[in-house]
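First up is the structure itself, then whatever we jot down about it.
We just call them A, B, C and D in the order they show up, numbering each chain from 1.
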Amino acid sequence: MTTEDRGPASSFDQLIGTEWISDDPADARARVPLRDDLRQPYGLLHGGVVSTLVESLCSRATAIAVHPDGSIAMGQAIEVSLLRPVTTGGAEARARARHRGRTTWVWEVEVFGGDQRLCALAKMTLAVRTRPDQA
Amino acid sequence: MTTEDRGPASSFDQLIGTEWISDDPADARARVPLRDDLRQPYGLLHGGVVSTLVESLCSRATAIAVHPDGSIAMGQAIEVSLLRPVTTGGAEARARARHRGRTTWVWEVEVFGGDQRLCALAKMTLAVRTRPDQA
Amino acid sequence: MTTEDRGPASSFDQLIGTEWISDDPADARARVPLRDDLRQPYGLLHGGVVSTLVESLCSRATAIAVHPDGSIAMGQAIEVSLLRPVTTGGAEARARARHRGRTTWVWEVEVFGGDQRLCALAKMTLAVRTRPDQA
Amino acid sequence: MTTEDRGPASSFDQLIGTEWISDDPADARARVPLRDDLRQPYGLLHGGVVSTLVESLCSRATAIAVHPDGSIAMGQAIEVSLLRPVTTGGAEARARARHRGRTTWVWEVEVFGGDQRLCALAKMTLAVRTRPDQA
């Protein structure tokens, strides 16, 4: 599929500077370089940036994967365990679709900091539904 | 305590436009008005903005509450169930600290859309630790 | 509906001794009295009993509520934060269906110990699907 | 360490029939054979048995690992995504400690059914604290 099939670009991902690396459901990847306006009060990368990165990556990769079947993906739940602060470099999320059901996809996600240490573990659940124009 | 005691302002909250309403642990509130650059590809408010709002609110309210005891709060885990999309107006989070332990605080959070309908339910866990300068 | 419509009794709930109090989606309740064979190695009520109580209560109350529509409910995800150990009396779960969607129900659950103190907070998500014989 | 160092046996694990396979934090394993009294109303393995298996395995493996340091482990949070029902054979949990911090351990867990298909994904968080007699 072409980029156009993925729908319009994501404004919020542009705002935080998400860089797409891979949409492969077996090894999807994206990263956000650290900038001063992505920090929380103590100067660390805001956990909300980590949650956003996870949700964007899994949503995008699922949407692309189910598009040929006439389906769309909608984020349903996200869980993030914050293990270590990210202080330099940025964050890279590496996601694996562990369940690709007819109505539900479930992803496990690792997030690494600029030093390549594991800084967060996440799980994202998406509902898969028939695209309105295909129903 | 004064605003200065809360540490420097949060850059990321400024970027997304978070408005603080209440830091009361029994009814903490904050909101984010919807702007075009907070949308995901389908034009809805990005779920990452919802996660950010929840995390910022609970982190800030816990930090303020434990500061007099010489402690700091660090986000440990966040779970968000996305129930309905937010398309207009913005999102308001209302949080209640359900557990205020010596080492852990747990919050339950409701997020309402511009139409006052419940659009997300969240839980946030924070670790409470002695402030370095107090140890 | 009659009890028979709810299907056969739950063997595992009988094994742990679950007592049903209310199936009202606005205030569903069930409890498990503490017995020695429900303890973990330190003598506390096993967290798995708490998870079981939450899952049984939400599954049963959802199943009963959607049955007249020709639907069934299937547990999809459960999250439990363990706040305080239960050492005497037992555990009582009080659940509220916060989202009753066409395809998904989401419950918030409080679990109280024998001393009426909050010992756990949980969230349970169920998928609602058309009953095979109604499709 | 000897078995005695692990404290008294777990009554609830005996009740459901948990079989310990490995306590290795890099690949901890345990299983529960399916029995009729472990079923929920539709005849499937009760999800509470899956949650119990995950919690028992991670708690035990963490307790054994931190015991030489004079510490104990207390279950703090568990999240389970139920992907497929278990109808025959039993369930086997395979857990990996992804974060072994000074105060917190986080595990990722896969649960397989009798047919070796992935039936659940879980995450378990434990608080690690100084043992009372070591403080």
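Assorted remarks:
Just so it is clear, contacts are C-beta pairs under 8 Å (C-beta built on N, C-alpha and C of every residue); 3 or more make two chains touch, one makes a residue touch a chain.
The model shown is predicted, which means the values in this text are computed figures rather than measured ones.
Among the remaining chains, D is positioned farthest from subunit B, on the basis of C-alpha centroids.
Between subunit B and subunit D, the superposing rotation on Cα atoms measures out at 180°, rounded to the nearest 5.
Centre to centre, using the average C-alpha position, subunit A and subunit C are separated by 32 Å. Centroids built from CA atoms put subunit B at 20 Å from subunit A.
Touching two or more other chains at once are residues 76-77, 79, 81, 125 of subunit A. Taken together, the subunit C residues at the contact with subunit D in this complex read 6-15, 36-43, 46-49, 51-53, 55-56, 59-60, 63, 74-82.
Those residues of subunit B lying in contact with subunit D across their complex are 76-77, 79, 103-104, 125, 127. Note for the complex: subunit C touches subunit B at residues 79, 81, 83, 98-99, 101, 106, 108, 118, 121, 123, 125.
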